[in-house]
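Read through the structures below before going on.
Both of the next two complexes hold chain A, though its partner changes from chain B to chain C.
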Partner chain A sequence: MQTHRKMNTNAFLLAALALVAGPPANASPGEGDALAIRAEKLHVGDGTIIENGIVVFENGKITEVGKGAPVPKGVVLIEHAGHLSAGLIALREQAGAVGESNDGTRAVMPEAQLGYAYNPRHSQVQELLREGITSFVIAPRPGSLVGGRCSVVKVGTEVIRANAFLSICTGSNGLTSNRFPTSLQGSQAELERRFAWPKGEFLAAVKGDLAVMLDGGVTRAETQHAIAFARRHGLKGMLVGSTRLGELAPKIRAAGLGVAISNFSPNTGRRVVEGAVALSKADVPFGFALGAPYNHPANLRLTAAACIRAGLKPGVAMKALTSTAATLAGVGDQVGSVQVGLAADLVLWSGDPTDPGSQVMAVYVDGDEVFQAEDDDENGDD
Partner chain B sequence: MAGATSGLLAASAANSNPGSDPADQGNATQGDLVAVRAHKLYVRPGTVLEDATVLIRDGVIIQVGTDVQAPEGARLVEGDVVCAGFMDPWGSLGITSGGTADSSTNVATRTVDVVDPYVHPWYRNQALAAGVTAVRVQAGMASARGGVGAMLSTAPAVDRAGMVILEDSNVAAALGISQGGRTPDVFSRITAVDKLVKDIGSGRDYGIAWTEYAHAMTEWRAAIEKKEAELEKEFKKAKKSRDKEIAEAKEKDKEFKEEKYKEDKQPKKPKVHAENAVMARVASGELPLVVTVHRAAELRALLSGTAKYKRLRLVIAGGTEAMAVADQLAERGIPVIVQPTPMGASRPDEYSEHDLALAGRLSEAGVRVLLGSSGGGSANLPLLASLAVGHGLDRDKALAALTSEVARTFDLSGELGTVRPGRRADLLVLDGEPLLPTTSVRYVLSSGRVLVSPDSTGSQD
Partner chain C sequence: MILTPMLQAACLTLCLPTFQQAPADGAEVKAERASAAAEVTVQPAAPAAADLRIHAGRVYTGTGEILKNALIEVRDGKISSLRPGRSAPEGVLQVKAVTAGMIDLSARLNTGFSSVEQVTEVQPHLDVAGSVNLYDKRFARLARTGVTTILINPLDRNVIGGRGVAVKTHGPMEIEARRLSSRAILRGAIGTEPSSANHPAFGRPTDFFSRRPTTRMGVEWEWRKAFFDAVAATRLPEKDFPGSAELRAALAGERTLMIQAWTTQDIRTAVYLDEEMQREGFGDLDLVIDAAAEAWKEPAILVRNGTSVVLPPHSPGGRVGDGAFFSWNTAKLLVDEGLTVCLSAHGAGPGPSSLGSQAGFAMRGGLTFDQALASVTSAPAALLGMADRLGAVAEGMDADLALWSGRPFASTSRVVGVVIDGAVVVDPR
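Right after this comes the complex of A and B.
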């Protein structure tokens, strides 16, 4: 457990307004402890920002939010000279499950559950905290037609939703050269067959009980096929892996799908980020997929910033990083917003979270402080 | 051919003169006056003027100040914030991909020979729209010796002359770079460092040999002249005595021996060696040597090996583990071009310790920091620079890392990187603070021409 004493005094103005009984090192609340934070700007998650907003949390859950939210007697109030938001959510990751997240022999295995592969103590997972990511969807790597059921996990702790999505690749991303099916037509025929007489997970997907994570492939034709596939079988969920989002936004909207925008690479063009702007205009809900550990955790926020530079409203980008992502993953009632009753997964930023120039100062997961920025430039302890 | 190209480029290096450029139609053409007015003017990072005006004539800034009046007839460009155009000190926009990827380059390879105004037009436009007005490019980016690099403008051009700002910005070398997924072992890596140090030594010796030769030739010419003068003065007497000697020799049936003068022996010319000739310019400090190197082992070997070359101007590119030698880098004033790109688990071996906090840490340790894209992603460099800010780099230092520090490192301080009289008018007009994602670039001026404006939406063709 860390103490708040170590925090950067430039960014943090710490004031213990009430003296707490007990060990001072216990400012970070464990079981039964409560804490309050007042931030200059509090991003609720629905697009609104509360100036000098206070969030109070206890037992890992948010109990009060608001400008003048009452701070219970005996609860420490931390003054944060910066922004506060819910923890960020990444939508398609393999961090902490590399090597366990795909199967080279079977093309269709809906029974696999990715949550089982999750190692919350893996260093790849811990790195996400440094960039303010507190939850993510653990998904199979591309290379299977049906790679299994994706789970939503908390960084460093537990699975919070075991059966979030059924992962389906309708495009060439699902193919490998050394096992059935070996052609795009073959894979499409196989998927059509599975959904023609649906059983088990496929039935749940058709009935709308299980959302799908649909890898539409990168080309326009494959993405169109994926959208048509979802419409034909009445599938709900989100489209991933596509870069042709801008031109297909109205079709995605008509299919009622959400989108996980693929990681923006600093060396690629603007197709992806301009696609985000088009999705926003078409009112398609979207979040961001990072692709950790193959991509650096900072890429999540960088992608959002690139979208803003291309014209996306910062408020929409912020929602895509938090509440919309939570809703898409079916965990909007647990995480993704700073609202009473939700988990106290909070990030303290030095400035606006959508500015890559802002630093993550501290991260709380379930009310526990799990990351704190170094208070000086001596490093090497991480 | 090389000579002809050289002449062409030399003419353009002084200042761009693309009167024939299609992009300046309808814009402020050369010879016109342009006045840029801003609420906040970054003369250089850290030096700000409020409500100031920049006056430009013939593509060059002629006046900067709060009391400068825009003359009658000048085109007026107004905005919130004005700063110098961004420069990518480690890019590839504007040279052929074959040239970038060439692994058979040597130090005598000239990057200007692979400059092509018709490659990457879209990417160059994107870079320009993002405010990146100049890119240092290098043939053979991952080659052991990349040759002579160049500084190019990102402005649309119809020929090389319209692109090249400086045809010899530096010489480049690379150490310990993985090729085709294979990492050289530590012995070959250190051997490569030794080889580079030896090459610098050869260059220095070569330079010394030619300097000595030049001196010897001067002395020799002087001696010849002196002797000739002497001979001319006493020509009749000398001729008489020589005739006498010839006659005597004939009489005695001996061969006449002409008197030899020491000065008849011309100093021996050193052998011309193209690579050593370039390395000589490096050893003398005329051209900076940009070394792409990442690991602490090579960095240490390079720094200790080159310590004796006091005039050498090293620049480190990459420098993933440069914190291990930060003190030496700070002491010797060696800048580091940091690549602030986020990298995931599949990065090359030399980047295994890659950390977005590097730029901030080096800067904190007193090392001069530049930020570079290390490829064609110059358009995203401003965004990546803000990421470096988010990981500890001071905002003004980040701005300097894209402007004044780049100009200083590549001997272009008199031309680029700051908003001062006499500089080339590569300017950005922004609607907010630089390096924020919410700030948009309203106008981009390259050499005084308005190439991006709110109604051009970033495309010029």
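Right after this comes the complex of A and C.
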């Protein structure tokens, strides 16, 4: 960066640099332009991998996928010596909405919409692209009983599903010491009251029209309570925040809930990753929650890799990062798979995406190249 | 493994007297006799063998009786038979002494600040059950001390904290399945604790805790206001508030009101509240004072109101919570006055603070063994309204047992085994 700043003061050098750098090697298509990419391994998103698969996209949508997919005349075919997958999806984030995603004045705000807290141009959002994350669920920070309606947003662009989940904290994460409720029995009494004669968003949740994002709290008892709460009121959606998933997997399955697995760190022990294996065995659909921007975007893939290390099948991990997460967020018909008709949100990897050593080479969102890894040069980050 | 000789023995001891008394069903009896005589280890079509059998050198039944060399049989979580003067059959669980499992009405296994709703000081309508964490390791620690039933109350930061929940210290991991059908107990506090976090609004920015009560007097004001408003609400709807029905139920004697009051002035306040309710014609509270450390100072106040007490754990210097002084002969003095007295360890695990040790300390202060045993078994069982199930070793009672290495409560004895609802939670073998 120092070098760049110096150059900025020198118009001559700057111009020289532009000449040397020239246009990028892989030409980025403009709006509406078609492009085709052939990758050594193409992860479709349903668990299958196509060797030397070709994906063709135009006007932001995928038009052809397959090993010998026809490339229309005049369309540039990029050869990628690596893996290609759909953009990754993180399930519970505050990137681009820090300080705006939890209104502490009221414990229950079902009408609030997180999409309005989202600033797509925020640097925290742009950071996600560097790790291949192209969509995420923007959710309130814990601290409210009912924090609002979570939205699915695309990195750097717009909200693609405004009312994805109603965020509910049934456990101690919904408590604060300076307004109602301060206690678990208080929060439970309030939630039971809201769901006993449901109106508005609560009625939609009971009817199954609005999924819930249930923060099950910290302890096993709280998580168990959250599952029972969902069953009692027939709620659909996913459980977040809990680390006690392994021992509760059958109950989660019986309740028909999905799960967003919390960010793994070596300090949290094996519970999170072994929980993922147990969920997989119990046939519970799950994705990953990164917790951006409080956790580095790389942690999404590192958590998946840690789960694989604990015994999770790489194909299941890859689905959890893409298609299962999209289905849980209710946007499986828009993103999360490399399939005809879906958005051309694509990531080119140097190797297997679930291998922590693999790098993101390029990212496309709606067919536009929005990120490209810099070649090794002396001006790179040091 | 162990089961086979146990089954065999059970078959012998159970079946033989049965068919001596009732030889009507000839064929079936013959078949049984044949199998018994041949000593074949098959399961006869006789009454099912006991789930658990314990042979005890002494069983302190809790009714003043001591049964020597008694054989206790447990079936479906209940004591199915209790017979003294038996030799120990092979493979049976053998211990020196057995008492009923102990009961602590002030176990304090709540989840701290998340167990008390502080949005207002009076929350009679909330139930602490919603905040109980049954996975808390303190339950297992408590069970190891021979405590088999506890009452969990909200943290005493509210004037009226809400309804407590009675549970066994071992059992199903869902609170609704674990909850005992005890008498409903409403919990509140008098003293410095309900006002400890609050402060007046002046001189600093107002916040959530800029509110009443900030003094003992304010706490008392809240109590009286709550009850007067609850009564007034039957005529004036604008006086109504959440939980008023609970307070009216307490006035009607349908709830026990358990108030924490350490010092004599707070004990007075509690009794005066009850007496005021009676004078006003509002009702008569079924009052229990918890942590009544200074009850020894003015026992007459408790006697005239018929108030029961739960005593706090003994402290070596005598100084306990809220600055109260707890004399070691308090239990003795109150029992002699005819009051119902329960002891509590406030949830202490194994060691010198456990409930069994508290009973020993109370004996050091003058209680007889039977009185000490009652104060940790039958007396709290009666306050829970569960004397028909808990607090004694007798046929038909819940199989909640404390197994001791020697004479219970003696400083040289300890709890070596625990049975809760027929399940061996701590196995002495």
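Here is the rule we go by: the second predicted complex is superposed on the first by the 350 of 382 C-alpha atoms of A that agree within 3 Å, B and C clash if a C-alpha of one lies under 4 Å from a C-alpha of the other, contacts with A are read in each partner's own complex, and residues count from 1 in each chain.
Please note the rule applied: contacts are C-beta pairs under 8 Å (C-beta built on N, C-alpha and C of every residue); 3 or more make two chains touch, one makes a residue touch a chain.
None of these values were measured; they are calculated from a predicted model.
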item: Fit-or-clash call for chain B and chain C when the two complexes are aligned on chain A; value: fit
item: Partner chain in contact with A:Gln224 - chain B first, chain C second, else both or neither; value: second
item: Chain B versus chain C as contact partner of A:Val76, first or second or both or neither; value: neither
item: First, second, both or neither for A:His296, with chain B first and chain C second; value: first
item: Partner with the higher number of touched chain A residues, chain C or chain B; value: B
item: Touched partner set for A:Ala306, first chain B, second chain C, both or neither; value: first
item: Chain B versus chain C as contact partner of A:Asp355, first or second or both or neither; value: first
item: Partner chain(s) touched by A:Ala249 [first = chain B, second = chain C, both, neither]; value: neither
item: First (chain B), second (chain C), both or neither touched by A:Gln124; value: first
item: Lowest inter-chain C-alpha distance for chain C and chain B in the superposed arrangement, angstrom; value: 19
item: In the complex with chain B, residue positions of chain A that touch it; value: 98, 124, 266-270, 291-299, 302, 305-306, 308-309, 314, 354-359, 377, 379
item: Contact footprint of chain A on chain B as seen in their complex; value: 122-123, 126, 130, 341-346, 356-357, 360-361, 364, 373, 375-377, 380, 383-384, 386-387, 389-392, 395, 435-438, 440
item: Footprint of chain A on chain C - complex, ascending; value: 111, 113-119, 123, 125-136, 154, 162, 173-174, 207-209
item: Contacting residues of chain A [partner chain C, same complex]; value: 172, 175, 177-186, 188-189, 219-222, 224-225, 228
